[in-house]
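Structures for review follow.
One chain, chain A, links the two complexes that follow: it is found with chain B in the first and with chain C in the second.
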Partner chain A sequence: MKQTPRISFYEASARQRVAGLLDPGSFREILPPTEKRTSPHLGLFDAPVSFDDGVVIGEGTLEGKPVAIFAQEGKFRGGSLGEVHAAKITGLILRAAARKPQAVLGLLDSGGVRLEEANAGEIGSTEIMRAIFEARRVGVPVIGLLGGSCGCFGGASIIAGCCDALVASEEARLSVSGPEVIETVMGVEAFDSRDRALVWRTTGGKNRFLFGKVATLVDDHIPAFRTAASALVRPSTPLRLDSLRTERDALVRRIATFGTCTDAKQIWEKMGLPADRVSDMTAAELTAAKPA
Partner chain B sequence: MELSALLDQLFPEGHRVAVDDALVSGEATLGGQTVAVLGTTNHSFIGIREAVALSGKFLDLVEKRPGIPVIMLVDNNGQRMALDEELLVLPEYIAHLLRAQQLARASGSRLVAVVYGNSIAGGFIAFGMLADRVVSVPGAETSVMKLEAIARVTKMPLEKLQDLAKQVSVFAPGCDHFFRMGGLHEIWTDNFSARLQATLASDDTHDTRAALGLERGGRKAARAVIDDVLGA
Partner chain C sequence: MSSPDKVARRTEKLARVAKAFGPGKVIPAARTVEFLELILSPGDRLVHEGDNQKQGDFLAEKLAQMDPKKVHGLKLALSCIGLPEHLDLFENGIAEVVDFAYAGPQGGRLAELVGNGTVKIGAVHTYVELIARYFAELRPDVACLVAVDADAEGNLYTGSNTEETPALAEAAAFGGGIVVVQANTLTDNLRRIDIPGEWVDFVIESPKPFHLEPLFTKDPALIDETRILMAMMTMKAIYQKYLPKVLNHGVGFNTAAIELLLPTYGEELGLKGKACTHWALNPHPTMIPAIESGFVEAIACIGGEVGMEDYVASKPDIFPLGHDGSLRSNRFYGQMAGHYADMFVGATLQIDPFGNSSTVTADRLAGFGGAPNFGAENRSRRHLSEAYLRAGAEAHQGEFMPQGRKLVVQMVETFQSANTPTFVERLEAWEAMKTAGFAIPPVMIYGDDVSHVVTEEGVANLLLCRTIEEREQAVRGVAGFTPVGLKRDRTMVANLRDRGIIQRAEDLGIRKSDVSRDRLAARSIHDLVRWSGGLYNPPSRFRNW
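Presenting the complex of A and B:
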């Protein structure tokens, strides 16, 4: 059987990802680069600016469904959250809460808060989180797509955590502290960030999928992201005490069951998976093998 | 400032607050009404265990005392940095804690965060920054990353960063900077109890921080960008 050529999400730019996810010609960008909304702060550091401040936002359709979308550009300052960057995302999500498209798609590709704008980026991250809760409150789901070259760290990782559902590839890395940060602060014996296999099995999409935080695991192929995201579009369910109790119970159980594990392989073994083979499985193979 | 001194000054009518390891929880009387008190102390880190401990308290309040004001006492040294915490998906635990706070807000509880110790990066996001109102008292220190670390990553000389920090509030640690950016609603130096009652008297739970950042000159772009996106 002839394979469709792979269109890598990991290697694509933010604009290429948006174009590949949405229906052809449907995307309308808001505050496009011609508006030149650059960072008012980077100049202080003699650092280059970008006319979109490293994030593309707008509206379009996904398999016919109206959606809002934002896509962080990892190639500009690591997709970092600066003042304008974060405000564009907050504005987009609040706009969705008012206009009620069928979903917000969030393509997170970010090392976290932009250090040159640390305070603005941190506050801006939490404005995004409150905007997500507002969108969800009125029934608009926020679906995160992870698989970019910068991963999803720091404030961006918590934004991902606040989403209704996540689609991710194995290449996606999701954690609050990045491996380099843990190594710098705690020492190389705590986390060797140059050990790529260790980084991927700890923070990568497969581990996050097996714990259930990632709803759909896909291979690194933009059309696979598109199909998976479209299938997850459904109205956000209201926050309820019983569902949050259930969520908490599962998180408490996870600590009880896996809290002493120091390597993802130990977790996979406890889950009854062939731990040494997980890293080599395709998304479909791992999905089939995942314990119920 | 010290937790016991803070409690005495916030709640002169009385408080019944227990400290269990780093977790602070209980009740206090304020203006004749009962409020819930919840927080951390001893510069605790916020990891997966702290997140579920705190979320459990929020959920108990929603179940047993819906609508009770929650005074969140903030003192943490950030998210717990460890491979085994990240292995179990720390972002999911922090987001769960934020959802529990959101449920409390949606159930009618006012959330007021009082920063009295450290409040750093992911720890401050997890517990404090998503309250309706965030205030600081003397001794509070807010920070995303230390200047030394920013210097290392941005490859800028520390002296230049220290000079820049005198001119702008966008990156350097400190409550005054955070206030100018709109990240703290108020900085309290006295009359904590009266100020807390006044804060609770307002029922505005909207996120006003971008407007505050504009008004105070620290964050001049964010509000306009949000408005332009809304109006596009």
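Presenting the complex of A and C:
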């Protein structure tokens, strides 16, 4: 079956993703590599630095709508959250909270906090979360886009959890603990991190979509991410006590319904989906098949 | 060496088995060790089936459990030393000498056991060389083989991976030997008979299906731009120039890159229909886009590939299918098809300045497999083709007797990894010769068989070299920053480049900025599944969805 080439989000660099998502020529980068804001910690470990510390931030337009955008570069130290890296993201979101563009787009591609900068990175992650809640409080939505090669793990996954909505491809992975970590703690019988199909059906974009964590599932094609993100731009619903209660009740129901399942396939079957076919469905097919 | 009373000994062994197990060919799996001890006598030559893909793992496990007091001094012969049990036979004192073609994953341990005298090597072979010797001086006393299904009469269905089973069965059955088969399932309804029951003495239903290694599955996601550059240079400098119609590709990522560039760059170069129409090849998943784009007319399969069954079954015009609709492969015939092909393209671990190459290193005895047959100038070829004549015109220019020439292309990056150069002044095979006690170094492909060496630095056409000095400088001239490359004679290399013997990317009109993964027809395993219309079913470990 002849295939037309896709513009892969998974394979693109952070800069290529930003260029492909925003309207051509609209992106203005803040603290570009020429500013050389590098990590103050990596030198102590004789590790190479990057002039943007592995994250691109700036402003532009998405189908004409003014947005702020950050994109983590998975190819630099696994997209890890270092001190400068996190501060750039925090600054961008706080600036958005003050200037009120129509949305903040967060392209998360990260294994979590940078090990060499543990404490600074952890603090930086929590600062990002606070900034997201501040943006949401003033009505600026934060939309996470997941589909990079590093997945979205650790601190980055919690940041994803703070967003208004997520767009993901099936290549995306979203989980607090990475597969290797789970295998180390729980044993290979519980979770074989080298079984790639198991890893993806557990943490991958499709399972997160079926669970409701991901709002829109797209194919690995940058224009598909653009269309999906643009459709999700609407004023943020700030977090309040009643919305948190609704969320908690949904989680309680989820445990009650699926708590005894030991594999994502059992969950899909309980949802009434053809469990063996889910992995092979396109984003459009699975979206149509997803139970309301 | 087969002894004159071989048939008498066979009759005696069969009588012993009949006494212990009663009549019939089916042996219960639980009594396998006892059975093997009855059919194997000290000093017997045992052929065990197992290659780079399928493994006779159940029988290997049981052979290693035999009592060395009863069975010892065995002469083991097998295509691939692929399982730890093969070497356990030596540590347990059951076997003493081995003839083989390939050692793959056991190469490290083999080198160690040869070094301390536990294993004696008869010879390291190529696949067809070893199979041929089973019909001459290495006739098996017992052959332990592998099948998917068997019936009580001993008829066998081998599935997609028939490979060398027919050759091994024939050598033993018609050479006074005993043929024993482990089958995944005993059934009355075989979907096809690959081996007639008359050739088979005993069948055992193994508790677990035999292991099948997806050796030919290369994930397009792992093909980087260096490989794409090398692939583009190879396609322009060699495929477009000679237009080889029948060819064989090695198992590595370099040739996988070419396969994935055929529908894009290959189409631009006008190769479709003019070159690459017939192949001697396993069903590589990376061939799916080229097949779907109409490049391929037929593929002679040496073996099968896990996950490709349904896709292969959907292409009866291209793949050799039985009337039952499943693939029939054959290593011997596939190797022969590659032997008589226009071109071989492969890779290696080390090359010396004269183009000799080897995958043997000081601490690994990997063996040769099929590469020396695919990758050798074939002086027994008589049929003609455009590529064969074009290459021959270059190689034999100015000679009295016109001749053709097979294209043998070595595609390597100048470094295997940091500090491990591919180009070396002296192959480690020389060291291995000393450790293993060989008379000459184990060389995979000899330099005078090689027609072209391709690296990221360029293409060296050795056919056009007129002296051994020119050949040496042509190799050094593409060896990059390796010690071999740094010792090049700059004047001579410049002269070779002027004469088109060395071609850089820019000489071929390839701009490095045009080299991109976007050119690959598929960039992931999932893309291959899409190209296959959902018929390719990759093993779990290759999925990221």
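Please note the rule applied: the second predicted complex is superposed on the first by the 288 of 292 C-alpha atoms of A that agree within 3 Å, B and C clash if a C-alpha of one lies under 4 Å from a C-alpha of the other, contacts with A are read in each partner's own complex, and residues count from 1 in each chain.
Everything below uses one rule, namely that a contact is a pair of C-beta atoms (placed from the backbone, for glycine too) under 8 Å apart; a residue touches a chain by one contact, two chains touch by 3 or more.
All figures in this text were calculated on a predicted structure; none of them were measured in a lab.
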{"item": "Clash or fit (per the criteria above) of chain B with chain C on chain A", "value": "fit"}
{"item": "Partner chain in contact with A:Glu171 - chain B first, chain C second, else both or neither", "value": "second"}
{"item": "Computed vertex angle (chain A) for partners chain B and chain C, CA, steps of 10°", "value": "120"}
{"item": "Touched partner set for A:Arg194, first chain B, second chain C, both or neither", "value": "second"}
{"item": "First (chain B), second (chain C), both or neither touched by A:Gly204", "value": "second"}
{"item": "Partner chain in contact with A:Glu247 - chain B first, chain C second, else both or neither", "value": "first"}
{"item": "First, second, both or neither for A:Glu117, with chain B first and chain C second", "value": "first"}
{"item": "First (chain B), second (chain C), both or neither touched by A:Thr90", "value": "first"}
{"item": "Which partner reaches more residues of chain A (counting touched residues only), chain B or chain C", "value": "B"}
{"item": "Smallest separation in angstrom, by C-alpha atoms, between chain B and chain C in the superposition", "value": "15"}
{"item": "Residues of chain A that lie at the interface with chain B and also at the interface with chain C", "value": "none"}
{"item": "Chain A partner contacts - residues on chain C that touch it in the complex", "value": "221, 289, 292-293, 517-518, 521-524, 527, 529-534, 540-545"}
{"item": "Interface residues, chain B side, partner chain A - complex", "value": "48-49, 51-52, 55-56, 59, 62-63, 79, 81-84, 86-96, 98-100, 102-103, 106, 121-122, 124-126, 129-130, 144-145, 149-150, 153-154, 156, 164, 168-172, 177-178, 181-183, 207, 209-210, 213, 218-223, 225-230, 232"}
{"item": "Interfacial residue positions of chain A with respect to chain B in the complex", "value": "30-31, 37, 40-41, 44-45, 47, 57, 83-84, 86-88, 90-92, 94-95, 98, 113, 115-127, 129-131, 133, 137, 154-155, 157-158, 160-162, 174-177, 181-182, 185-186, 190-191, 202-203, 207-208, 211, 213, 239-241, 244-245, 247-248, 251-252, 254-255, 258-259, 261-264, 267"}
{"item": "For the chain A and chain C complex, residues of the former touching the latter", "value": "1-3, 5, 8, 10-11, 170-171, 194-200, 204, 206, 279-280"}
